[in-house]
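Report on the following structure.
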Amino acid sequence: MTQYGFLGLGIMGNPMAANLVRAGFQVVVWNRNPAKCAPLVALGARQGGSPREVAAACDITFAMLADPAAASEVCFGPEGVLEGIGGGRGYIDMSTVDDVTARTIAEAVAERGGRFLEAPVSGTKKPAEDGTLIILAAGARALYDEAAPALDTMGKKRMYLGTVGQGARMKLVVNAIMGGMMAALCEGVALGQKGGLDGAEILEALDAGALANPLFRGKGPMLLQGEYPTSFPLKHMQKDLRLAVALGDELGQPLHCIAAVNETFKRARMAGHADEDLAAVFQVIKQ
Amino acid sequence: MTQYGFLGLGIMGNPMAANLVRAGFQVVVWNRNPAKCAPLVALGARQGGSPREVAAACDITFAMLADPAAASEVCFGPEGVLEGIGGGRGYIDMSTVDDVTARTIAEAVAERGGRFLEAPVSGTKKPAEDGTLIILAAGARALYDEAAPALDTMGKKRMYLGTVGQGARMKLVVNAIMGGMMAALCEGVALGQKGGLDGAEILEALDAGALANPLFRGKGPMLLQGEYPTSFPLKHMQKDLRLAVALGDELGQPLHCIAAVNETFKRARMAGHADEDLAAVFQVIKQ
Amino acid sequence: MTQYGFLGLGIMGNPMAANLVRAGFQVVVWNRNPAKCAPLVALGARQGGSPREVAAACDITFAMLADPAAASEVCFGPEGVLEGIGGGRGYIDMSTVDDVTARTIAEAVAERGGRFLEAPVSGTKKPAEDGTLIILAAGARALYDEAAPALDTMGKKRMYLGTVGQGARMKLVVNAIMGGMMAALCEGVALGQKGGLDGAEILEALDAGALANPLFRGKGPMLLQGEYPTSFPLKHMQKDLRLAVALGDELGQPLHCIAAVNETFKRARMAGHADEDLAAVFQVIKQ
Amino acid sequence: MTQYGFLGLGIMGNPMAANLVRAGFQVVVWNRNPAKCAPLVALGARQGGSPREVAAACDITFAMLADPAAASEVCFGPEGVLEGIGGGRGYIDMSTVDDVTARTIAEAVAERGGRFLEAPVSGTKKPAEDGTLIILAAGARALYDEAAPALDTMGKKRMYLGTVGQGARMKLVVNAIMGGMMAALCEGVALGQKGGLDGAEILEALDAGALANPLFRGKGPMLLQGEYPTSFPLKHMQKDLRLAVALGDELGQPLHCIAAVNETFKRARMAGHADEDLAAVFQVIKQ
């Protein structure tokens, strides 16, 4: 029976690994702070001693780490994945990292005789719990196919996008559009409210027609209440907008609207809303 | 039994009136070019000789006209609505007009002893046929309530928004947000395509998650095919964006993002896409 | 000897009329509040009883009024210019008014047998005192030529721009560029200061090279001191930017940069800087 | 007598070195393609065999190289400056390089016992020939003072800005403002021309007042003629705008206007104007 590893049991990784275990997969888990392994072990997972050990023991090892630095550390650090990979075993990094980090890890894994797939996800805590993430994969095609049953347990949708780096790029495009939608919503609501319309009625009108979408449904009420419990931190959205503008520069794609959105989010970031939900951009728009 | 009038049987008015007749309402129809009355008469409507005659004969008269000029002509012109209204009879103008036109008609109708409701709709030809328009009403509250059965036949959703002018304002807010969403989609798709992603896969990723909405589903394929059969003319969207920016100026609401969107649509308008669907803004974004 | 009239003795009109008197021209002055005529009479001017009387008595009558409303009142009101003009006498309105007001006055003057020139000026109080205004004239060509000696006393530069309305349009273009330069200066200084550069040294570097200009020289120190004594009110600059964006819409000229500048000035206007000098836009840029 | 070295005899370096020789300084010159040394030798310079040899033989060595790559090669490459510097001798790099390159060179020179000054210039070919450059220096203060006579021969203005990197940063600020002024000019002229004004008269009106500046005087006629002989390549301006926006992101300084300017220049770059003068941005603005 296929053995799976799972490295990183944070807000996202914990429910993702739990979904695998509950679905009956054999999973070896590891986390920097080992205390977080207990709930998974209680569900039926086995605990591993290091990334090296997990990678060496499993056919396919998943990782879900906080940022590029953590992803690099877990791969290249002492007792890291690189020391255990090889023999055609698979490593699937679902963390959100930049192109360069993804390609660097991909090359190192391949040199050691392993196979690599980048697989960043679209979706936050709730979809991770519900197993309804969208998985944007790129890299080793055969590994993607072999991992399909596990991926389909964690997500409701998966796409294979080609060479390593294209997964990260797709995620950037999706997030840039999300930023644009959020800014349009906030400016529209602010305009309507200044013009005497009721905010809740604006949201109701939007939700009744062709613009209706889960983002507006989720974030709209935050605007009306002026409270922004963090699901996706504003500073991360601004970072993605900045990266999109920079990618536009590299590829020669002008982005007049997204550039204006980026500056607006930058103002919000500087005005003390960096760690609130991205919807807090409303605070600097409505003045 | 309540008698209803319907003035204006164009692309929108024709299916709206037909839905009323099919639902069993008694309807007197009128159109500038009387030939367009025939199909409605075939369904069971009666044909009126002039706006005056219809307004005088009916408890509630609807109008769906092309623009503010047509709406004014039908109301104030010879044999116009104004000559037939009075005695508490109702006039419900569902055309899209500006604040000033709406208020001018409202005052004139009231002076003659009639009741007035503005009721612009969100939605185009298909929702008009399907009876799934969104109706943004404002003005005489009692008239709104009395007309409810007919309004619910033409639309799937109706809102009462207060004094005359607020209906037009709500429509402007909704359309400004639509313009922002459209621009964000186009810039994102253009960026992704320049970066080697497949356009159809971008749309697929968007449609799987929190950004999924009917607008993207409807317009997205136009971007990939480079053909923009007109459902909502680009020049009308740009006009609404211009009006939103002007309203922001009047109310003191800065609109950095919508202003950038407006200039982008203006470029598209000048580049020969004025009469194509609003999705044709993609042509000047992707360069 | 040619008789000149001068209507309106405010911040601008007073020094302009004084320059004419000092240069030896025969001038009849009028002001709504007649007390303001005294200093001019002390210099050698004659005082007139009404705009009608001045226009009837003089070969050429100048006006310098606060806004379009005042300009219309002085022309069309009781005892107004229109009642005294005729017989080929000239009326030169140097107030800043919109196209429509300028053309309305021009037609009315012509119908009465008078000649009309619009002649808005570029420059504020100091150039008015120094006789160094820039005069942007349009309308009756012969009148422009006849008034040359007087115009050259009030300004250092005059241009004849064609039909009435083109003077106002030129002023709009100049002011839109001024707004763009001001925003660029403020963003550059704010960026430099956040990056550890000394504000005064930034101004020094700018003033040494190809970008050196009197606007930066005049406004730059305001940014460093954070005080904005009003020479050109910020709200007037924002109004001109709005009009420029609207003119761009009418003529089909996209203005991505000036639109962004307009929204930035709009933010400053709403943040309490409406009546300060336009340089106060720095307050919302530097955050 | 002080010995000076000069590395790099391109469009800028050649006239700068020539000015030094003509002023009576003792100068040893070097260029990658040695043929370019001949005119300088004819004027009285001595020819050096390598950067190492020049740096070792001279008290103060200037460099004026094409880009960061060339600046690094001349410093770190075989027979490079680093092998000859030491003993407190000075190296003054007048090339335009990024912060990182400047600091890397500065540290390496200091480690070898040399002294380093970054000294990028504002101004192009003509000011280089006329000795009217603006020199934005930062680094070793004593070296700056000792080099004063030579710097004052090459430039009309010099500023000492502190630690290495601040010279590059000042240049970025100046160029970002230049980009903003250029965009404002182009949008204003395009708007005026569409509105029936004469382009030359717009330039005349601008040049008569507070906005008058050498940049508009130099670039304005290019707009009217539609020809853009390169003095400062558009792609370099766009690169500086991009770096300014990125610096704003790093420092948390929103730049709504400069971001819009950047996207406009990006469009021009992609539309085939990359190698024309920056004034060619007019081509995509006027449509």
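Note that the chains are named A, B, C and D in the order they appear, and that numbering of residues resets to 1 at the start of each chain.
Note that in this section contacts are C-beta pairs under 8 Å (C-beta built on N, C-alpha and C of every residue); 3 or more make two chains touch, one makes a residue touch a chain.
On a predicted model such as this, the values are computed, not experimentally measured, just so you know.
Undergrad: Hey, what chains does chain A share as contacts with chain B?
TA: C, D
Undergrad: Could you grab the centroid distance between chain C and chain D? Build each centroid from C-alpha atoms only and quote it in angstrom.
TA: 39
Undergrad: I'd like to verify one number: the distance from the centre of chain A to the centre of chain D, where each centre is the average of its C-alpha atoms, in whole angstrom.
TA: Centre-to-centre distance between chain A and chain D: 42 Å.
Undergrad: Quick one: chain B and chain D, Cα centre-to-centre, how many Å?
TA: So the centre of chain B lies 56 Å away from the centre of chain D.
Undergrad: Where does chain D touch two or more other chains at once, residue-wise?
TA: Those would be 248, 252-256, 259-260, 263-264, 267, 270, 287.
Undergrad: Quick one: do these chains touch in a line, a ring, a star, all-to-all (complete), or other?
TA: Its topology is that of a complete graph.
Undergrad: For the complex, which residues does chain D have touching chain C?
TA: So the residues of chain D touching chain C come out as 122-123, 134, 136, 156-157, 159, 161-162, 166, 169-170, 173-174, 176-181, 183-185, 187-192, 194-198, 201-202, 204-206, 208-215, 218, 244, 247-248, 251-261, 263-264, 285-287.
Undergrad: Could you pull out which chain C residues touch chain B in their complex?
TA: The contact residues of chain C facing chain B are 242, 245-246, 248-249, 252-256, 259-260, 262-264, 266-267, 269-270.
Undergrad: Which of the residues in chain A end up touching chain C in this complex?
TA: Residue list for chain A touching chain C: 256, 260, 267, 270-271, 287.
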